[in-house]
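In the part that follows, the structures are each spelled out as structure tokens.
Two complexes follow with chain A in common, the first pairing it with chain B and the second with chain C.
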Partner chain A sequence: MFSFQPDRSQYPAPGPDGKLEIDLETGQYLKLWQGPNHPGMTGNMSVELTVCGDEVVEGKTHVGYLHRGFEKLMERRSFIQCFPIVCRICVPEPDFNEYCYAAAVENLAGIEVPEYANWMRTLILEMGRFNSYMMAIGGMSGALGLGVVGQWLTYVRDIMLDRFEELTGARIYHMFILPGGVRGHLPEGFKDRMEEVLKTAERYLADVDKVMFSNAVYKRRTKGVGYIDPKLFEPYGVTGPNARAGGVAKDVRKDAPYLVYDQLDFEVPTETASDIWARTNVRRRDIDVSIDLIRQILKKFPKGGEVMAEIPNVLHWKIPRGETYIKGESSRGEYGYYLVTDGSGYPRRVNVRGPSYTHAMALLELLIPGTNISDVAALMVSLHTYPPEIER
Partner chain B sequence: MMQAIYDRLKDRFQLGALDVRSRKGLAFVDLRREFLRPVLTELRDVEGFTHLILLTAVDWIEDERFQLTYLLNNRQKNLDLGLRLRLDRNLAIGETIHDLWPTAATYQRELREMFGIAFPGSPRVDEEFILEGWTDMPPYRRDFDTLAYSQQTHADREGRETSDPREFMKQILYPKD
Partner chain C sequence: MSFKDVLSPFTAWKHVLETPVTIKDPLTREAADRYRGFHKNDIELCIGCSSCEAICQNAAIDMVPVKDPKEGDSGLRPQIDYGRCCWCALCVDICMTGSLTMSNEYIWFDEDPDAFRFIPGVDAKSWDSSEKGYRREGGRRLSGTERVEMREMEPDLRIGNFDEIVAGYDRAEAVLEADRCVECGLCVATCPAHMDIPDYIKTIREGDYEHGLELLYNSNPFSEVCGRVCTHNCETACAARHEGDPIAIRWLKRHITDQVPYDRYVDIVGKPDLAKTGQKIAIIGAGPGGLTAAFDLARMGHAVTVYEEKEKPGGMMRYGIPEYRLPYESLDRDIGVIEAMGVKIKCGVRIGKDISMEKLKADNDAVVLAIGLHLGRSTRVPGSESPDVEKAVELLRRITAGEEVPVPKKVVVIGGGNVAMDIARSMARLQKQRHGEVGITVTALESFDHFLADEEEVVESREEGIEILDSRGPQEVITVKSGKNKGKVKGLRTWRVDSIFDEKGRFNPHYDEGDEMVHDGEMVIEAIGQVSDVSLLGEKLTEALEWNRGRVKIDHDGRTSEPWLWAAGDCVKGPDVINAVADGHRVAQSINQVLVAMREAKA
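For the complex of A and B:
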């Protein structure tokens, strides 16, 4: 088998501490900015690369292009007025923000959510996970030049957005999950229409398996590349598919079941190679889990029931002093909201724990040195990061 | 389970009362500054709290203090534990824990920028993180007025009309109030 071994005989030697002394004046190194506008970037962020030949010797992550101060803005809004803000913290999977924030408010206000609403919330979150994975797999294919897969999966995401629109009235930011429950019931005939979407998705995914996951070039460029040592998972806060690709079955749905996940039958996919291939493959298999979960949820969905608990007048709603942390398993790993209240009608502090915060900052900077310039995009996408979670 | 862990640590590290009022599997406890490192080390290495979920701050401006919250997770026992550490708001200097969890360096860099809390020795802590060329007070402090900043920095478009969302909600949701 062909094996590429870069010739590094002309490369600068590292110092006694094993680190390179980077001096741009020598002409041996070059600064190269990847992003914030770049087809291989996962959103509006950039990586400042220092390269030697085509090898990256250092990478520094730069964020802030999307910063709007969400957490701070919430401190001067009533609890209900925070909803248009929280969903915007993650565009491809906004519902997690709604769920975590709503659950945190309910927890501190002592509100019990009706069973029907819990089923609906679980359905919404799995639909969101499915859509987020469509973007992740499509992005990964795009990062390696397989543009057509991204187009197919954008279509599949679009028909799932039709179901979101039918259910919530909106395609991207749904604001369907509110403190106390959800905004509505399952529409008549929804289950059949969802089944059509899932069957279409399965047809497209079978093609994706052939075109992408069986593709020799794709395999060559992802296997053994971007390895994360499982020993780094805890020190660097690695969660979700990035950890599962290294053999650690971390999944909040299993580790700390919430909503109705304890009533659903599913296994968490894992891999062991902990490279780009393994991370993408875990996501691909997790799509199948999500599809199965959506079917299970719709099969077991309550025939009827209250969608909202009784909540106080939201314009004068004061929540007793307290603090809590509510978490769930997003498509990228542990997602959580730390909410502090002081007895007033406004949150004292909201802190969003997005998995991208740990994955795209310290971890990415650790992984980049030694990679080829052309692999940086695939490495980044394989971590599945969304910058707004970092900047909040 | 959380109570047993607390009982093992409370006297040795002079912990405050265990606060379990929020949800099952989550507790908060106050901690004295000199015990931060030994408690974190013990929780990580002995009690199985190997995952640093987050590190953040709350500004209790009326008490002239910051609260640093170190939230840890023990996955095997499904427990989340928040350690609360008080800092003098006028002398906001924290202790870096990047050697215990390297990812803490990112949190500390953000706290330095957004709250003005120093973490001497934390890698790249003084480098800009999210803000660029910011010269005003750290914007996540309570006394930073976002509305005033917005009004001073940006001008409304001519002819722009705004309506108060609270008034709108009142008409829709509570017309009789």
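For the complex of A and C:
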């Protein structure tokens, strides 16, 4: 019904070896910086585009705009002092850092976390995932000029932040998952208030389905765009919804269950098209999984129990020599912490491996050539990247 | 893609008449009950232990001095810089007293940037009275609250002998206990000898016992003794005490001395390689005060001789404290270290009889009076002059010296202090050996709420079958009036105590005469305090010296009104070992200053 074929006759044809000879002197090409301050960027990074007309022929990713040296900072902080730092590595979904760091410390220190704390951690991680998807889908619609969905989902995220606030004492940096357990119990009446949030979310998501996912313009601009060949998944370390959109049903929650995921019933949604539309759709369906998981968790939540295991005095906590890797399924894919201890009171090395590291740097460079300038933002958001986890 | 997909987005218009979801007035929105907002500090509760400063990863907290600190606190309070704070609330979680909390307030306008660096609780803020906000859940804290229990010999095993009751920590237990310390140093200020407590506790965690021993003997040559019998004022100042058990500082000190082989002691303690000064000091009394002074002065290069009246050195540590609390070998080891510093100890020499004070004064550059409190005081109630009424200190001395002491089946002790417990428990052991059973009643003037003896002494005494009665005032030692046992003690009559002190705080007990009790016993032991035996001073010197309520008057440095004479230990302060040790250091320092000045004047 609607069809539009761009006239590409003016665009340069590749040479005999299949490569473009980009020579700025010819006047055919233009350098265009998207970011670091650009509404179409997911955070503080930028893409250096070489465009010919409105087609992008080359894209180079640049990071380094928010390097705060978290990993290095942690090498000079005691194990407990790292706890307020790690959440800052990922603003929209900080809880994964808290969980992975805590679990890594517990693993090396030989601490058994109480059952109650495990349920609480799972709840918080799912709430965090829900919020992260709200930003991803809101951002996706925004990147394509559909502002209202972003506003709706920001509201839904906001009421979930209210639940975070009453549970953890903070809205963004929750700092609730301490090495050894969690900081508190569920507040009274929390389950009912959470149910209200979930119902509101479902109502808004039904609208989002109509306004965004069934939108002709949206479909037109996302289907077939930003295709990732599933063959690239392994060499490029593509995980999470980005891989699931290409038919790979990989999910750490299922494949290597941690916390209490083995006691929860859920399916891993997949798509096959591996384009922007498929990736966003996987996220949309994963929200439903998250909502269901939050309900299941609250239903099975232990009536009471210890929130913290016995831990040594944190002021001079030393952990024996060792190394460990803890992973979990964040909203962007496999998130991991590699912790090395040397028997001292400080971590010898903390390495944070966020999925954005490959998604936003190497993969994006590969996907950009051949797209339209206006699609770059959507392409980037569809990879759901958070630059802070690249620059730890 | 269908025509429906074109129309579908327009369904968004259905929201057009709805109320906007944005918050109308963000400035008055109240945060959640648990919100981590601005800090509050209950200044009455805060002890300034600096744990909050230690845990803050952003260095947002500085401990700053405040006016009118409480006794036993550091005089510091946390000042928080909101330019650095990240609101992680670890300071609230670690807080040893629970004084530091957070309100749920989060909006603060001020044009002065420095205003955002403030002392919660001292600088009044609108949220100080806020009931809401983050506080750590009850019981949860980031440092251990429970003390590692000390293993002790079971009551039925220990009552028949004088073996040491306390087993001492093993390495694992000691590390666990040492781990709880937050290194606030409040104990250092409270310890009379200002021992480096957090530092030596740290050596336990690190397993560096030799360094630990060095730290101990730096400030206390009776570390092995104090590791067993110290009155541990430090533990009453311990930050961990506020929401749990105080750190077992005394047992940790003992653990260090237990871990280092004795033949390494002298090497580790070290003898400073100083030229001999040629100046001589005589010390009267080989108790903790005198020997500490001797230890210090010998290490400063002076020639020190200690004169002891009794057969062996140690003073009250040997002749007052029973062996089950302080084995003689432990005491001998500490004294051995002191002797290794070049201190000469002459036992069996009574000043005033064998050597006169005048001669000591003439032969030495300085003299230290460290004669302790070896004479028991009497209640002077009717009947107390009976030969069956004993003084606790005298009886304890005889038990140590191995002299024969009468051990009747029933004994009544008057007194509620540690000496009363010592004699009661010693006599109980002898009764057990002699008669197979314990028959001791302790009658204390004080109520259990204001008891003088340590709680553990009371608990252990009871475990050993000793009856302890509080608020009983002795009225009469009942003696047999006629027959062949005429004059023998048969019990003690007491009245219940209503109050001990009058409104002016003077000792003036009031009794409830209607509540009378008679405690059966063939012996009554008075353990109501001791005095010094100052007869050695001689009339002339006694006359010349200034006195303060029966004790020799001393200045801030421990010097008496006679410029050549210093006094230290129980005879001027205390009574306890650690105060005597502190006194010993004090007079040693003072004497050294005077002797150096004398040398310089000569040169």
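The definition used in the following text is that the second predicted complex is superposed on the first by the 388 of 392 C-alpha atoms of A that agree within 3 Å, B and C clash if a C-alpha of one lies under 4 Å from a C-alpha of the other, contacts with A are read in each partner's own complex, and residues count from 1 in each chain.
The working rule: a residue touches a chain if its C-beta (ideal position, glycine included) is under 8 Å from a C-beta of that chain, and two chains touch if they have at least 3 such contacts.
A quick note: this is a predicted structure, and the numbers were derived from the prediction, not measured.
Colleague: Following superposition onto chain A, is the placement of chain B relative to chain C best described as a clash or a fit?
Modeller: Chain B/chain C on chain A - steric clash.
Colleague: Kindly classify A:313 by the partners it touches after superposition: chain B alone (first), chain C alone (second), both, or neither?
Modeller: After superposition on chain A, A:313 lies in contact with both partners, chain B and chain C.
Colleague: Thinking of the overlay built on chain A, is A:69 touched by chain B (first), by chain C (second), by both, or by neither?
Modeller: first
Colleague: Determine, under the contact definition given at the top, whether A:358 touches first (chain B), second (chain C), both, or neither.
Modeller: The answer is first: A:358 touches chain B but not chain C.
Colleague: One more residue to check, A:165. First (chain B), second (chain C), both or neither?
Modeller: second
Colleague: When the two structures are overlaid on chain A, which partner does A:31 contact: first (chain B), second (chain C), both, or neither?
Modeller: In the superposition, A:31 touches no partner, neither chain B nor chain C.
Colleague: With the two structures laid over each other on chain A, which partner does A:203 touch: chain B (first), chain C (second), both, or neither?
Modeller: After superposing on A, A:203 lies clear of both chain B and chain C.
Colleague: For A:193, select first, second, both or neither according to whether it touches chain B, chain C, the two together, or no partner.
Modeller: neither
Colleague: So, does A:391 touch the first partner chain B, the second partner chain C, both, or neither?
Modeller: first
Colleague: Could you say whether A:349 touches chain B, chain C, both of them, or neither, answering first, second, both or neither?
Modeller: first
Colleague: Check chain A for residues that touch chain B in one structure and chain C in the other, and list them.
Modeller: Common interface on chain A, chain B vs chain C: 78, 80-81, 313-315.
Colleague: Spell out the part of chain C that touches chain A in their complex, as residue ranges.
Modeller: 1-6, 8-9, 11-12, 15, 21-22, 31-36, 51, 54-55, 57-58, 86-90, 93-94, 134, 136-137, 140, 142-144, 179-183, 202, 205
Colleague: In their shared complex, at which residues does chain A touch chain B?
Modeller: Those in contact with chain B are residues 63-64, 67, 69, 71-73, 75-76, 78, 80-81, 107-108, 234-237, 239, 250, 255-256, 313-315, 322-327, 334, 336, 338, 340, 348-349, 351, 353, 357-358, 361-363, 366, 390-391.
Colleague: Enumerate the contact residues on chain B facing chain A in the complex.
Modeller: The touching residues are 21-23, 25-26, 28, 50-54, 56, 58-59, 69, 71, 75, 78, 80, 82, 101-103, 105-106, 128-132, 139-140, 142, 144, 146-147, 165-166, 169-170, 173-174, 177.
Colleague: Which part of chain A faces chain C closely enough to touch in the complex?
Modeller: Contact set of chain A toward chain C: 1-2, 77-78, 80-85, 146, 148, 155, 162, 165-170, 173, 175, 178, 183-185, 187, 207, 210-212, 214-217, 219-220, 307-308, 310-316.
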